[in-house]
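The two complexes that follow have chain A in common; it is paired with chain B in the first and with chain C in the second.
Then we have the complex of A and B:
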């Protein structure tokens, strides 16, 4: 049962609604865009959120969402039944199998790029038609279109391994204000929190001075530069007030264990906290899925950790009601070859692969598309990432066939204009 | 050294290559030497009758003059395979002196049959011997026991005559490797984190535990298990552990690693890295009747090696780098013939490479035959 909060028919912004709301409304100042203040406010009011789980390197569809047990390319693993009768997944995902009634799995992704360096941005930017601009990552698009929630926490946060910081490059032509704030190893960027030696009043005095200097600086520089730096600082300040949301030291042991006790489990717990606190878009990036060698042992190690973390956050979001207004996505930049190489590995495979979605606007318990018995071809309608982007926007209530970005006077579609949402995936 | 002439007089002369239509994980000769068995990715154990003979004269003076290649030809006549497995068959063991052979699959099934008969004669099968991937099986020296280990964490002891379970022990994590001692009194196994566990064979009761950390890497959140084979030395005082010292997850790079564990002290006595990270794993070893071991090295795409290695040595005394991604090596009981399962060249690649007639084919394991002399 779809949440009334997320009924697409009710909440999707039609072109008429959009234009009506836009009439006479101011555009979003120097940040540009056709998107109106009223429309943005309407979306904000719905407080929809996104959890984007990125499995970097390419999870094997055959060892996860689209198993082909006991076939030529099927690998060593069995498949197991799920909570959706007739739908099976790899035995490496026993807990996700029990959440399948909440998920929508697309088995017929057919994308274009078999390389990481180009494939990662291509997938995350939606691979639109080339218009001479760098498109934003989905998280930046959401940050632009929907802004922060009423929590005023940063709208686009990435939880990842390694170093954190502000990643302006995610935003493409939207400008650095819509970049991501990355939590390296799940920790806030260094120096984000007020140093213990600095009193609150001293901090306020510093901020007043900073704002004064910013005004002087802004008078002499392009608005996008100053707005971006102010925006980053302001959202970071909001985050400083909520240090509790990334502090995992007080989490119950049971939660840590339930999430698998792994890196992705810890990061997913932080993601849960952030979503509960009101961060608009939370991306959890898990690295190391590029299993050209020893794929089956790699997946035996990695998939169960993803299984525990992903199933747990689905359980928790469902239990708290957040799933009704949170779009959940799990995917990579491509899948892995059916053919098993001489290292018992699988290579890159954009031809026929899978992803999973859940939450607001998404059809629950749906299995979209199919591949042939060997997993080498999509036998149903194939979907490129452009269709997936339209699906996501639609699930969030944004009509990507009418709403556009505006960049230097040029209207730019949110996603590939020749593609449509995956209708069966939408609730 | 790759000319086939070894310092202890052993020669490895390439014979011919026999093509197969599947990927072979493990090769073993029957104790009678007449049959070759191959545990395969296609849910079967392939069987071949083996013969080596001089070919009819071809009249090619170049071939006759070649010193690097034997003029003999190894013929592998394929027989009815052992079927009834599910998923992959990686685990394969053949009794050194008796007729028994046993194999297990990745769905948990075990099958035993008579390895020295041309007609397939299955002795017993247990379809759900484990819950999932059986990694390895081993036969006791007297041929009366089978031990198996699995991804489910169980090590189980079976009666080799009828497949009845005798005892079992559960480990906290997946068990990758298992081996019997030469006197049949002990079983060694190793787990996901490359802990070596020694147990009393008849009860599987743990006697000691040694961490072989060199074989293990935690790469990001991926546990990379480098340890792939265990063998007791002839005197049972030393245990040989082989695999890789992993340096990365994902692609899983690592340097082939040979470690000898002194079982009286429980400490690694020798630890030899054989080559660089690009050389991958020692995936399999086979003891030659003369006492040394042959090793199959996986290597980077298109690369791989057959090595000869003496226990206690610091480096291989023979290395043939001409092979692609060796998976397994078998030596016949006379020590005159070795066969190495490799991988078809060009097995790796992103996207969908097609043949000239538009087919997307699986990889296969060419079987490289060598005459061993010395």
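Then we have the complex of A and C:
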């Protein structure tokens, strides 16, 4: 089903097979603690998905979504027209320019944190009001609110550079069950395949015994550890069943080339396969965007890689029809200073920067907000990350003004309660 | 009359019954353990929290073995302990395990995990830690040897791994000097001063910019050197510090300057020496080897941090040992000790640190006191309680993580393969490639240890661990019947009752309940291959929460 000849009918067939196969299977995740059970059930029934592209370190808005050629801080690159008349992007993104009619670009982000160490989690947790709890990353929130799709695959998967594993800390107060499953270097976890000496039935048999023993133990102890353990083993079981999707060693060369042949390209291709297989939330993390020195050469190298990967996945998701129910996001923890420093670099700039969205619930071909001629400040209404979170929840059909998390009996809003979605961004 | 060994500065107001215990109770030397229980009981009572009863012998036995010698007892050992009618058998066992050669190894591993946070391994460092716990070196001496290593001293130079590992460049990243500075504060004083590099802490009033920079002035000035000559390990040399370090707050723009300074404490003045007299050993320009300055901020800070005059030093180690044996710090998080974040039992933390100071930072003494308390020996089972009391009351024993090392040992011990793997004998006659301890430990660490720099503080079941237990070669290797191992012993037993008892004593350090024997009997009843069925049941036990936690 992961054929490079991406045939819509085949995908639909595969999805039906998934539905049949997983009926009655143990649901991962869960929907406890929501404002309304009916709302939760309705959400679960919808097969909306998310692709979250994270450009770690801070992509320069001036070398991507908000170019200012021939200005004081504009840098050496030109801007080019796009598939949306009147909208221009940096010449470093020629393929994305052709996808602009599918995208919604926000040029008026105005956030608070100029540091990586605090800014990265702050942006990804939505920076709500401080209530003395650690908020979940967006992926964990979606895993909690929507659970796995009917594929029953793990709801929150991250494809990243470096080490993989299960990252409980993403989940904050939601608890380790809603953490992410990270594929380090795009590789599946070790020991994924059933050992040749085991038959499937013997494996199921012993696993059922383990559950029985755990149940006895849990009756006499605090429930958290056993819950987390069951979650880990259940996820392992579902992953082992679908190890074919996670086998990333045989990606078609043609696809790899179309996606740019780069690391982010390969990771984006794996992401496409996972979305097609039914993973609820896929995050692709690309590192190395922190260009304090030599900003222009590093963006000349990085942006085209992102361009090929991101444009390709948009093409594929649109072709397979998945884009209609997949929310696509590309962003960093902040933008970069218009002012060019002494090392030909750009520093951290949360005051005025850009991001892109597409897919379900999102206005197509939209351009929102503007910055001044030098790109230093937002001239329209500025949006903080809280507004962006409300926008995402709305796009997924979750009313973040009424739906709440519950933590130890305390109701907690999904996002900053004094902010509202960016209306023009919503379809 | 001899003086009491302990002298608590502030006596609490105690309920009558507690006073009675103190007045006629045990000897003075045992006072801290009693004092701990009084403090815990008093608070629980005032909050009307119901307390779990004392642990059963089997529960205690597994816990104390994991904590003091890093593994579980054999079935034989468990049988003997459960049978032993003597009232003092727990205390006697504690003494025996404290004297066991595996005690220093266990402590070394626990401290290694805590101090290095899985960011690197080094044989010399482990040897140093093990030797230190073997001779029960006082903590302030260890801390000074770690923070100001003597690279000329063969026995002690590997203590420098704590710093040298943190000086190494990872990938294209430069040396993380702020990270090293932060870790010294976190791990030796329980204060995370990270924010104070650039400005005063936004929410913690105690944490000011000078606290971070007083450490940073020393640590940003050292340089990693490759092994050379008689120094067979990587080592660091210190540059000159001739004036105070200046800093500016990025928030307020306020400027400040500090010499080397123990956070919240003493600032060392920077001596004004004529240029010719600044070096004890001048740097060698030819070999590019660093020199030894007369004024060493690193050594000054090591002395100043690991000192009775620095109250944070004693509090930190008391809180960390408490966490190690009780599952939760008196102050949480462990590295956020400050005046607006009081301990759950503030007087108790004072008692522990005062006692530790009085005892000259004798860690084994404190460990002995902790494990002899009723608090430590309380049951971790709900029993008649409807729900668990909140953790910070310590009214019920907590589930604690079993480290990758403990898990690997307990796994091999349970399956009856430890000797074969650790001692590499008994391989003759077996048509298998010998499996050695180092390999087993590495594969368990890979599966169960946290990622580098993520402290291992809580039980953390992971997908990686689950997949490892399900499919890994090493795990499945131990689930084959082989001369002398558990599955072979079980196969030789006829009845499900006998098999269940052997399995439960070997793996869970307890006898099976009737329903558990029944479960095994049913499982065996429908199986054609009994050995295979035993192996399945054994796997389920090894992969269960009961085995995976120290409870």
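FYI, the second predicted complex is superposed on the first by the 379 of 427 C-alpha atoms of A that agree within 3 Å, B and C clash if a C-alpha of one lies under 4 Å from a C-alpha of the other, contacts with A are read in each partner's own complex, and residues count from 1 in each chain.
The definition used in the following text is that contacts are C-beta pairs under 8 Å (C-beta built on N, C-alpha and C of every residue); 3 or more make two chains touch, one makes a residue touch a chain.
Quantities reported herein were computed from a predicted structural model and do not represent experimental measurements.
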Contact-wise, after the overlay, does A:365 reach chain B, chain C, both or neither (first, second, both, neither)? neither
Kindly classify A:293 by the partners it touches after superposition: chain B alone (first), chain C alone (second), both, or neither? first
A:382 contacts which: chain B (first), chain C (second), both, neither? neither
Looking at A:351 after the superposition, I want to know if it touches chain B, chain C, both of them or none. Which is it: first, second, both, neither? first
Looking at A:76, would you say it contacts chain B, chain C, both, or neither? Reply first, second, both or neither. first
Following superposition on chain A, which residues of chain A contact chain B and also contact chain C? none
What does chain A use to touch chain C in their complex? 117, 163, 165-166, 168-169, 176, 181, 189-195, 197-198, 202-203, 205-207, 209-210, 212-214, 216-222, 225-226, 228-229, 231-233, 235-236, 239-240
Per the touch rule, the chain C residues reaching chain A in their complex are 194, 380-383, 388, 399, 446-447, 451, 454, 459-468, 470-473, 476, 515-516, 519, 523, 532, 536-537, 539-541, 543-546, 548-549, 551
Spell out the part of chain B that touches chain A in their complex, as residue ranges. 23, 41-43, 86-88, 90, 106-107, 132-133, 151, 174, 219-225, 249-253, 280, 298, 301-302, 304, 324-325, 327, 342-344, 347-352, 360-363
Per the touch rule above, chain A residues touching chain B in the complex are 57, 69-70, 72-78, 91, 114-115, 161, 262-264, 286-294, 297-298, 300-302, 305, 337-343, 345, 347-351, 376
